[in-house]
Amino acid sequence: MDKTVPDLAAAVAGIEDGMVLMVGGFGGSGAPIELIHALIDRFKATGSPKNLTVVNNNAGNGRIGIAAMIDAGMVAKMVCSFPRSADPRAFTEKYLAGEIGLELVPQGTLAERIRAGGAGIPAFYTPASFGTDVAKGKPVAEFDGKSYVQERWLKADAALIKAELADTMGNLTYRKAARNFSPLMAAAAKLTIVQATKIVAPGEIDPEQVVTPGIFVNRVVEVANASQEEALMRDGVAYA
Amino acid sequence: MDKTVPDLAAAVAGIEDGMVLMVGGFGGSGAPIELIHALIDRFKATGSPKNLTVVNNNAGNGRIGIAAMIDAGMVAKMVCSFPRSADPRAFTEKYLAGEIGLELVPQGTLAERIRAGGAGIPAFYTPASFGTDVAKGKPVAEFDGKSYVQERWLKADAALIKAELADTMGNLTYRKAARNFSPLMAAAAKLTIVQATKIVAPGEIDPEQVVTPGIFVNRVVEVANASQEEALMRDGVAYA
Amino acid sequence: MSTKLSNAQIAWRAAQDIADGAYVNLGIGFPEMVAKFQPPGRQAIFHTENGVLNFGEAPPSGEEDWDLINAGKKAITLKPGAAFFHHADSFGMVRGGHLDVAILGTYEVAENGDLANWSTGPKGVPAVGGAMDLVHGAKRVAVVTDHVTKDGKPKLVKRCTLPLTGVGCVTRVYSSLAVIDIEDGRFVLREKLASMRVEELQAVTGAELVLPDVIGDLVAPEVS
Amino acid sequence: MSTKLSNAQIAWRAAQDIADGAYVNLGIGFPEMVAKFQPPGRQAIFHTENGVLNFGEAPPSGEEDWDLINAGKKAITLKPGAAFFHHADSFGMVRGGHLDVAILGTYEVAENGDLANWSTGPKGVPAVGGAMDLVHGAKRVAVVTDHVTKDGKPKLVKRCTLPLTGVGCVTRVYSSLAVIDIEDGRFVLREKLASMRVEELQAVTGAELVLPDVIGDLVAPEVS
């Protein structure tokens, strides 16, 4: 029942070529930088995993995190709502060169599709994007006189998640707005991998305050002093 | 911005004949007994509200709460998953006499329909009830080779909710398993009315621990020593 | 030796198949007994539809907290590492395939995996609760049941005659006489009471039993 | 007197229509200025897509907490009575009709309420963010905008020519020259600069202005 793993390399084991990978975070808040960099380390050492489809609200910033995965050549496609950032060149260059795919999804639809994936809802209807280019080719339907677009669930082979507290059974809390997509992704992935600022014993997180119950979590690794994207950017770090 | 109201009568004002009323709770846990009884008091004094459609997982127990509303003749129809209880006679007698309607909804579908109502999702697909009598007449569709039933959102004119803490802006916490349907119903109703064990100032509930944000809440009334259904049953209380 | 397993023994047998760390939902009533028989060294995490993970036994009488109940409205306690959540999240766990096993009681179960456990017909007040959700999504959906009805009719049948709870959803049956898997629309006999011949078992089963090379003995200690 | 309102003045004007206790989402950039101009005695509650209600101003430089940001990825602070929630709950608030008003910037807005504010065409990297969700569900969807483009072309048009963000979603336009409601597929002029004649305004507007009996003066103090 103990879901802790000894180190970052063990945490990201089993993520293989061609997988769909969800990565928590909205910009830098909630970005699991150490897990991403551990995956890049493995790629540099072994050439794998590559050809990944990465799901995140954005498409990386600077030369770290998801941007560094793109720079390293690990990512075949991004699924996101806003592939722009303070320094979006990693994605932009490859996108304009036709070297990386993009599925653009409105932010609320992205969240709801991931939530549906975790909750066993194969499809739902949303007003968002009706009548726009983004809805082209999607089924539409009218309910109570208003038009909606049918959207499908989004699931992943694995998810990388940054939490604040984790207990050894995988119950999680988040820190402030770093929560964002992470509880949804934890539920939508087959293999949910968590870096937590602190790991505690079962019972040390009040059951009322658990945001992600351990049922959604497979592995937990402690990263006490996690990097924040903004600080890395300020310091000009390039990981790839 | 202060959503507190002085008493229970003020809290339940505006619930009128023919409305759809969601009532939080699962059995006795989370049942807003005092709000329900305040509504019964108004009915006894004025003859209104009547002809209500009540949404709750169950259909009342004994002679209190929802059962007392049914006894009093205020309820035209129940929408629930399990209209049975330790003492279900209020509903059972009227149902077998053809004096009350029933829309039977699987429990997970009931929760998801209410969630959809609050979240602006007019319809979704679920595997629950496919191929059963409960799905008769509903649209079905196949996704990835599996069959699903299309379900519609469920909204209400008003919701009666029992919370543990409320701040004056309507942010709520719940107590243990009394959470159940309440956060969903708070979001799915036009007029959300809350009885809280304690009302505190804004800022006294940690923003991390808010379960229902105040945006979903219209009125809050303090009921410090709320009744628990099981205790009323044991004492043989009949309210209607 | 008894000619059939007691309910407690059926529950004991079902409990032997639950791995350490498994997430489990037990139906109201008889299936709840499964929790009592977790093998030493294994700890399952129990889920209840009304929003609790990792609950424990009933509290002593008089110490109930009626805000802390299970789907059967009975008072429960918490184990360390418990969590509360709302009903939509709870059934997201169910439909989303996050439970390792759901164990339910039944009126009938058919060789095609159909389950009928919510209604005995149009009389009275219909009540479905969470059963129609629980039969979808859990990685394994098992039933615990007497092999026959009180008047001796098979509960394992060719096709259900009662209103269905779910279509093609059951993967294993723990009965008072046998352990039977449902594979490719057939009953596959895995274990039977050693005292019973296959022909005797077939005679009280409503559809043909597929007989693999190895059929184990169904044995359970005296438990209650 | 200036011949048009500054962005700050447009934001000031939009802020006057926000009631005490209103739940409000402000688009990234220019619309964010609306928060600065809440009238005395009124307090709106601001929502940001990434899961915060009731946030306040930016912290002083050097005191940023980068786990506490808004949808524009800028550091924010909290007011008493704030709440955190995940992205699905956040957009449930948006689509579910819980926001009283959403105020967005725009490239074009059409008399039928269509909005085009996310893409200037097929070049470059497309990015939509939360705009396509925000234009649905809020009780009022307003835009704040210069009345014309930098090269003098109308931004209020008969039909949008740029890729749409949403169909028939905008209810009010606060421009640098006027306040215009969209009703029954028409631009209805509510307020205009006193210094401007209706004919002058019509000349820089891409669709016909409906003129009600009462047209107010658009006035805003010198703010920045």
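Couple of notes before you dig in:
Order of writing sets the chain letters: A, B, C and D. Residues in each chain are counted from 1.
FYI, contacts are C-beta pairs under 8 Å (C-beta built on N, C-alpha and C of every residue); 3 or more make two chains touch, one makes a residue touch a chain.
None of the values given here were measured: they were computed from a predicted structure.
Of all chains in the assembly, those touching subunit C and also subunit D are A, B.
With centres defined as mean CA coordinates, subunit C is found 36 Å away from subunit A. We define each chain's centre as the mean of its Cα atoms; on that basis subunit A and subunit D are separated by 30 Å. Residue positions 112, 115, 119-121, 126-127, 174, 176, 207-208 of subunit A each touch two or more of the other chains. The residues of subunit C that reach two or more other chains are 52, 84-85, 88, 91, 94-95, 136-137, listed in rising order. Of all possible chain pairs, those that touch are A-B, A-C, A-D, B-C, B-D.
Those residues of subunit C that touch subunit A in the complex are listed here as 20-21, 23, 43, 45, 47, 52-54, 78-85, 88-89, 91-99, 136-137.
Subunit A meets subunit B in the complex at residues 112, 116, 119-127, 141, 143-144, 146, 148, 152, 173-174, 176, 207-209.
Listed in rising order, the residues of subunit B touching subunit C in the complex are 26-30, 57, 81-86, 88, 91-92, 95-96, 102, 104-112, 114-115, 126-134, 147, 174-184, 211, 228-231. Of all residues in subunit A, those touching subunit C in their complex are 1, 115, 117-121, 167-169, 171, 187, 201-203, 207-208, 210, 213-216. Taken together, the subunit D residues at the contact with subunit A in this complex read 48-52, 64-69, 73, 84-88, 90-91, 94-95, 114, 119, 124-133, 136-137, 163-167.
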